[in-house]
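Quick heads-up: structures coming right below.
Look for chain A in each of the two complexes below; its partner is chain B in the first and chain C in the second.
Up next, the complex of A and B:
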């Protein structure tokens, strides 16, 4: 953030750039498939825009293209943030159409989904440099020590992009926020249920803190 | 590493002007072949049916958004995305995050790098940093 401020002050247009950036903060939702990125995006959009972001499914890789909503204005007390919210396809190391067939899809449809999901991974990674703030959405019922999680978070850290870690699905018995915290101790972790709205105010507090 | 013209099978070394401008035969698609992986790759491709190879090629072109009327030369490589069969993809995230050129495995030692897209991405990233 400090680096960004320094850059913004460079040149005659520095001051203008600050306001420009403040108006159009790009907030990216990243993470592995089925972590709840789109569910969280829908909750934010429904609450602050009155519309949804995209469809959700139990079958992985439902979001296969970048989805955006501009001017998502979040207000809490005297605080306001205006975001361009970007929902990205789930990042994975292996995409196999047979997994979709097992979930009930026909082979042709499953192969198309696999191809689109692969393209989605590439697009999500390409978009990373555009982001001002990133929310990494992890499924708190799953082991956080995965190659995908470590690679995403490591790269965000290397690129100096502010990160908010969200452990989603904390309403489920198997959820463990502690595991996520011990896997990524350098970040604060907020446990939420995007589906049920649990701890959503804590999420907003953390978001204001990270995006200030 | 040799680059092989898809149409006439002529080999070019790294940095050859034909790779950027197109082969002397007029083709603009090259295969990038890693010698040490040739044998392993040959075993993979032997198991692929002709229609599967065709489908893989089509899928890869869709993924890198190469249009049929696009005249930019394209080099095919093997690393970042390994297509073992149609609908089965293995993705090397580290490679993609490093912003190396997009590379796609056909399963037979042939690779895809979308040069135009790579340069575009690099240009966008550097112009953003300058802001």
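Up next, the complex of A and C:
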């Protein structure tokens, strides 16, 4: 009886898997602000769609709404992967409009940016459940052992979502991939420069590995 | 720090929030942080609750409240040999979320929480503390 039930569930599960395989994977870019999520999204979109995803800035929280590009098809040798690329606002635990004022913005503009940024963080967290695969983009020049990083990765783990860690900005002197590897030893970490395209092939290899 | 400015650390035993719903726990902890106190929860929130805490914090940000600094200290996360990790995970299972502790500080007070295996550093914000509300 138990065996029959088990087989029946297997059959139903298999049916769901067929549908899952047919639909496009949702590939999310997550991480703290200014890690280089949109720079990486732009590189992927420029390379495979011939267009960009969004604007980038040195001032944090430039991406404040969820950005999506459908049908991004990556081909490497005989392998092909087709997904919806989702660029999310950087996740933070605090947002102070005065930081934007210090960065040269007018008060009114800074307050508006702060308000939009808080909404962006909320949306990014809400969208976690929608993702099939997530790339966590970390700035390799910064301490990776921050609570935001731990919370993002922990939540993906709790939801059984495959994760690839990307240490971005490895072209900079201060970058340390080892720190990321030692903070999150259970994950594959790829060091790239999304801006300069360094190690981008290694990134694709790792992406194919987790999104198979 | 001058004499008329007080830094308050409020200890919250996990038993105090255990019976509350997830959102109830978050609201309670956030309420204390918004009173300009540093919360030391003797236990940990679930991973999903940590994300919910960030979400709720964002909803409550205004010109006075700029957000929080958060650190969840989980002794099982530090580098240990396999046996110690298994033992730790078993203990974690038995005591649920009571192992370790959580620090939540208002961002106007705490600039950054740094940690390494042996110490936790709370870097305080440059801005003067607002006077304690009664």
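In this section, the second predicted complex is superposed on the first by the 190 of 212 C-alpha atoms of A that agree within 3 Å, B and C clash if a C-alpha of one lies under 4 Å from a C-alpha of the other, contacts with A are read in each partner's own complex, and residues count from 1 in each chain.
The rule is short, and it goes like this: a residue touches a chain if its C-beta (ideal position, glycine included) is under 8 Å from a C-beta of that chain, and two chains touch if they have at least 3 such contacts.
Remember, it's a predicted structure, so these values are computed and weren't measured experimentally.
Engineer: Once chain A from each complex is brought into register, does chain C clash with chain B or fit beside it?
Structural biologist: On the superposed model, which is not a single observed complex, chain B and chain C clash.
Engineer: Tell me which partner A:157 touches in the superposition: chain B (first), chain C (second), both or neither.
Structural biologist: After superposing on A, A:157 lies in contact with chain C but is clear of chain B.
Engineer: For A:110, is the partner it touches chain B (first), chain C (second), both, or none of the two (neither)?
Structural biologist: First partner only.
Engineer: Where does A:60 make contact in the superposed view: on chain B (first), on chain C (second), on both, or on neither?
Structural biologist: It touches nothing on chain B or chain C.
Engineer: Would you check which partner chain A:95 touches, where first means chain B only, second means chain C only, and both and neither mean what they say?
Structural biologist: In the superposition, A:95 contacts both chain B and chain C.
Engineer: Classify the contacts of A:136 with the two partner chains as first (chain B alone), second (chain C alone), both, or neither.
Structural biologist: Touch partners of A:136: none, neither chain B nor chain C.
Engineer: Quick one: classify A:145 as touching chain B (first), chain C (second), both or neither.
Structural biologist: Once the two structures are laid over each other on A, A:145 reaches chain C alone.
Engineer: Flag for me the stretch of chain C that overlaps chain B after superposition; candidates: 3-11, 57-65 or 93-101.
Structural biologist: It is 57-65.
Engineer: Of the residues on chain A, which ones does chain B touch that chain C also touches?
Structural biologist: 91-97, 111, 114, 118-119, 121-122, 125-126, 128, 147-148, 151, 155
Engineer: Residue numbers of chain A touching chain B in their complex, please.
Structural biologist: 7, 17, 91-98, 107, 110-111, 114-115, 117-119, 121-122, 125-126, 128-130, 147-148, 151-152, 155
Engineer: Which residues of chain C touch chain A in the complex?
Structural biologist: 46-48, 50-52, 54-55, 57-59, 61, 63, 66-72, 107, 113-115
Engineer: Looking at the complex, which residues from chain B come into contact with chain A?
Structural biologist: Of all residues in chain B, those touching chain A are 55, 59, 62-63, 81, 86-94, 96-97, 102, 121, 124-125, 128-129, 131.
Engineer: Mind listing the chain A positions that touch chain C in their complex?
Structural biologist: Result: residues 91-97, 111, 114, 118-119, 121-122, 125-126, 128, 143, 145, 147-148, 150-151, 154-155, 157-158 of chain A touch chain C.
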